[in-house]
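Right after this note come the structures.
Below are two complexes that have subunit A in common, paired first with subunit B and then with subunit C.
Now for the complex of A and B:
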């Protein structure tokens, strides 16, 4: 079977994705029942062909693979059809038709989601937003970008660079992920610390409801208190309340001066002290604060031959500053770094001010996920914890696992967002439950969140039930029923009821 | 032990998008991030490793250019070089400074400082001249080992592996000699903070080409600088299946 991956979509990932064969179907691996939806029939296909033309339907088995399987190869759907609309009107007609005919759909962006929210569980029709990739405008006064939801994040940033702006979010998947997906999952990323999250940066959006109604909430205004703030419903709803078709994003002025420091530290208390010092000394120019433990760097060195630039230490910090004045920023940064050495917070470090070196050093952190698809099976988790307890969970899970697996942690220290992984030789349901039952209950004990930025998707539904306020769950179900009475939008994900 | 001279040039950082000036007489350098020429970094690293192996006794880094050239000398000092020499050249004259001038400057400094080994990057990423090492050797009448990817120092001679178009060439030459560093010679270290702080105290001597008796009058005139024609991006595909897949994906077939 030939796997035809979208070369532009997956870029460097494509060559690395070969660690194991395709997973078994999700429906075989997990205890899920197919909802009472219609199955795809000739009449349906004829309708879509008339609407979109034959070229914008994908039905070939080998072509369907890349849409049915997620990037980390944890889930595999059985969809027989991918639709590729180009306009909001087409999305509206598709949903209206599917709603009338009780056909389930799975909206899909760049297919980079980490919790299986973007791939079908059964034979849901996939609505790929890939061809809705037009940029409408960039307002130079306000820094507002208006574009269709299928635009790739990195492409948007490259366009914005020409006008002196930048996207307010940055993640490792930027070469493939769509802004619509970022909005629908309330993506976080490396610079949330500085630029905030999607709820603050999305000034307006346009979405299509399950019945095909287009809800136009587009606005480029910073202030617009006219009625319920409906756009926030769609942000983070993971494609279960509507399909986002257009967005207006508040972009940031592109900083003239970006500097990066890479530090090696003895212990987590020292990491914390450095973090607090950075907030004081770097203040408004601080734009990213990432931490890695030595187990992470060991794993990355083993799989990718990527090494620390300063030698081996128990903990590492990557600290970025962004500002408008080179001299001012370099001066602040150097003074801060001297302080961390003199006060013995950091044992060693290096600093980069040239764009090429900044890029090189960021790679060390950004390439970490590449190491997950190498040989072992890597369970990945994304939790928020009170900052003083950031590595407590890693230590506890490591004790719990013993020799059963390698545990390592890294992430956005500035937001309290930890990415914790367990690498094992082979996947089994038993080991999965062994890890997750302990991990999630420990997160709850530590008063954290079981999903910081990845969302619930398919992977974490059963845990959502356990941790969320009962009335909140009831209210969420009511909203879902109101907006999607037939349950056709991304069923089996986030908050779902059997239909 | 050898006394080593390393030439370092301040160039526009390779990750920066180059823009042509509106007057078409050059590229925009104001407010643009610069860094040490990557091949010169490799040259510095090699010299520092020689010092660590006790093959070299003292390393001096030289840069020719306006005041900002001192930045790359500081970087070299932070990597382990002992002292720096900044040959100050005003911005206007720097526009027309060529390897023919730089080679004479390096030669004069080598004589003054009793240098045994000159190591420079094989070429600068802004002008791609690839001439300075060769010309310097000619001025001094020293042997040259260019495009070095491996260097072994004996008592009175060097064994150098060179990467050339035809393959790998191994040559021996006597010391003193001029070496130009190629990409695979080594991987330069990151300067660590303690060394960056130490480097602030290391000396940088200042001089002018006149002090060295070198005439830097321009031998070229820059007529115009233009953007290359815009290229349409192409994509290389591995096989027909991929081509068909891509065409389907774009909605073309």
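Now for the complex of A and C:
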């Protein structure tokens, strides 16, 4: 009865959150200068054809489009070649050759990233990991999965289900995203609250450096303290330090019971009190803690005719539990709800324990993004804030925008991860800068993070310099130079120096 | 009613597991050549006196002893100077000066490591972090602790208890070890099974590089994907890449209920079946899964007159649960025990739910190390093995040794972490090599790790080259040269090149 839900409904956005069905080239839309890389020549293509065979090169212009344009259709690269290796050795040979010939590359997983990290900016050669999709093993004792990095998250989860385990992360894009992309972006999602991030769950990995060197950091053991823990350099560095080819993941025991509470609350301070009560009462079975404001709920109601199951309130909480015992979990959840009502933390609440009812209530949270389909243009933001200031940012952005746009606040409260949606009549560079320059500086003032789970990619690169410690930035640049001296790996993203 | 137990009773070993009360200098005992560092001169001392004041330098020979000799009294350095900074800026000035003057340093936390990583080998200046013991904040919403790295683990845990949280790790040495040492060695312990390792729990840190540069990687947010995740370079690198000065730790909600099951089993395959059953039935409340063999229990019984609560069996399991609801937890544990008996996985078992009874039963596991006090010399090993081969190593080492020693197997089965104790009549270098050369190569054959949680330090440095992937080793050396070009940080440990 385990259900999977689309974290933020990313899939549904695909066709609508766009400049047009085919965006203009990123290089034209933004002020970017091409690095001093070689351009693709006939000899290069011949080398790759000999290495991979003709079928594993994509060069047809219409076929290239799906690799050049990101899921949200915000960015469009101009690559003339996609390579589809099947083995680590092939990745190694590709990179070794590109490094020698100073050809820039863009590693690509399921192309579901939302900050443009996975699509080229100019004519970088795309290395698609789609054919590196073999599962090597699932350890039945500790739930350790070993697989190639091109495996699709949902496929892995289905495979694990057979042995009573599940992936420790769940994303809206699970049907398309690759585990290698999840690792390379340190993907978050709903389960992070319970199961932690990729740094805790990746036991080992294999990666290929820019020069083609294969580095075997493939421990699949839970405890292994032998030398520097270098695998973490590849987790969250968005393909700029190496290409992840294989991973070992610590998976979780699959829960037998999932329940849901839906609560209406008067104010954000009351939301916080309820949050604390849930941590105490639900403890080890707490698996999601989502919040939304009335603006969001009203919008959902208006556009999708979805009703709140408990009437109208300034704030709503969706709290999920996952455990090994139906009865115990339901008992805990009922007691928690009773307490929050008696203490006047919540004004109203309901609990769903039946799978169909659980699913129905989750829909309200899940369909938030759907409701924005009807609007003209919607910006999606992903930030972390200290819990007390979680909604301060929403209020502040609302004040800043005034009548220029509508602001909706919701997100993974349990991790301090806020998603702000801003709906405007029409996309312009000016309105984008007007929102972002203010929002990101306010996030910094509030001691938050300008990227909670989506990464920096191409979208936030100009803000990175402003928020990072000077020595940390120097250190990042040193690392990049050490690991990729020619700068061929995913240029123009995260941190970039002209070559 | 939360109890803390000494993971492997390290404290009790302190005075007995030794060559003598004062071991010979490491430089004499082992074949080590001093690096080309400067020796301490009057001018250097004057600089440090001006920086720290005279009281925060230790130079008296008898006072120096406790810093030069490790807890187990296996290693003895010859440092003439201990420095005790109170601030990050002081650490920065110390390192900057030492780097310019090519003076080697040995960072030291609570001096509780068991592989000699924390004591000097020659005359390295010891930087004691003991006075950097300030707690900065405890976030009451998410349980994030921010503190200086010289805070003692137990003190932090006591402070967290006031707000309903606890440290995500527990070690025998908790009364002495520093959180900075825990982070620098990626310390494990009993709670790892439930709460994960330091890579998952350290949200941010501040470190000082060899050249004195302070790097602020101090996010205290649960989700922060902004740039390379460089903090992990300092986690588990044993002070060879930088000195950790401040940390932000994700802490756990303190459980309200702790229960214990003690089981007797026929064979290791039955231990494995029980292990799997526990994962299913106890799920989210499972917090420890310890195993011991009959040799260990017999020895405990013989030496300490401690009785098994359930009679004699070839194997024993100690299974702990921690949760938020007494009744639910006891119910789960009883049902689990019933199932294991009905299915004939376990031959006998008992459950303790009363705190005093829980404590009494834990004593049997806890006092294993005590029992070895009566023996002449005992080697303690710490390895990880794939679960099916967990006890294969114990049998193999027993065969290899024959009448040369007695072998006892026990450990943290839930993480695949085995501790083997080998008792011999008398310590000699020959018997040490005879055991270790065999054991570590067998661990590699079985695809295990030669260090589960203790690290490499000085003790295992000669084995690191044999087990690591060639490119991973090259990468480690590149990293060391990048971050500490003069090699002043904790030389002769983990990975070392002559300077």
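For this structure, a couple of remarks:
What we mean here is this: the second predicted complex is superposed on the first by the 451 of 499 C-alpha atoms of A that agree within 3 Å, B and C clash if a C-alpha of one lies under 4 Å from a C-alpha of the other, contacts with A are read in each partner's own complex, and residues count from 1 in each chain.
Keep this in mind: a residue touches a chain if its C-beta (ideal position, glycine included) is under 8 Å from a C-beta of that chain, and two chains touch if they have at least 3 such contacts.
These numbers come from a predicted model, not from an experiment.
Contacts of A:310 after superposition on the shared chain: subunit B is touched, whereas subunit C is not.
Once the two complexes are overlaid on the shared chain, A:351 sits against subunit B while remaining clear of subunit C. Of the two partner chains, neither subunit B nor subunit C is touched by A:183. In the superposition on chain A, A:341 makes contact with subunit B only, while subunit C stays out of contact range. Touched residues of subunit A, counted separately for subunit B and subunit C, are more numerous for C. Of the two partner chains, subunit C is the only one that A:224 touches; subunit B does not reach it.
Of the two partner chains, subunit C is the only one that A:387 touches; subunit B does not reach it.
Within the superposed three-chain model, A:292 lies out of touch with both subunit B and subunit C [touch as defined at top]. Shared contact residues of subunit A, touching subunit B in one structure and subunit C in the other: 256.
Note for the complex: subunit B touches subunit A at residues 13-16, 31, 33-35, 38, 189-194, 196-197, 235, 237, 241-242, 245-246, 248-249, 251-253. Against subunit B, the residues of subunit A that register as touching in their complex are 2, 4, 6-8, 53, 55-56, 58, 60, 63, 84, 86, 130-131, 256, 262, 309-310, 337-338, 341, 346, 348-359. Here subunit C touches subunit A in the complex through residues 139-142, 164, 185-186, 188, 192, 196-197, 199-201, 209, 213-217, 219-230, 232-233, 235-237, 241, 253, 255-256, 272, 275-276, 279-285, 322-325, 328, 331-332, 384, 386-388, 412, 415-417, 448-456, 460, 464, 467-469, 471-476, 478-479, 482, 494-495, going by the rule given at the top.
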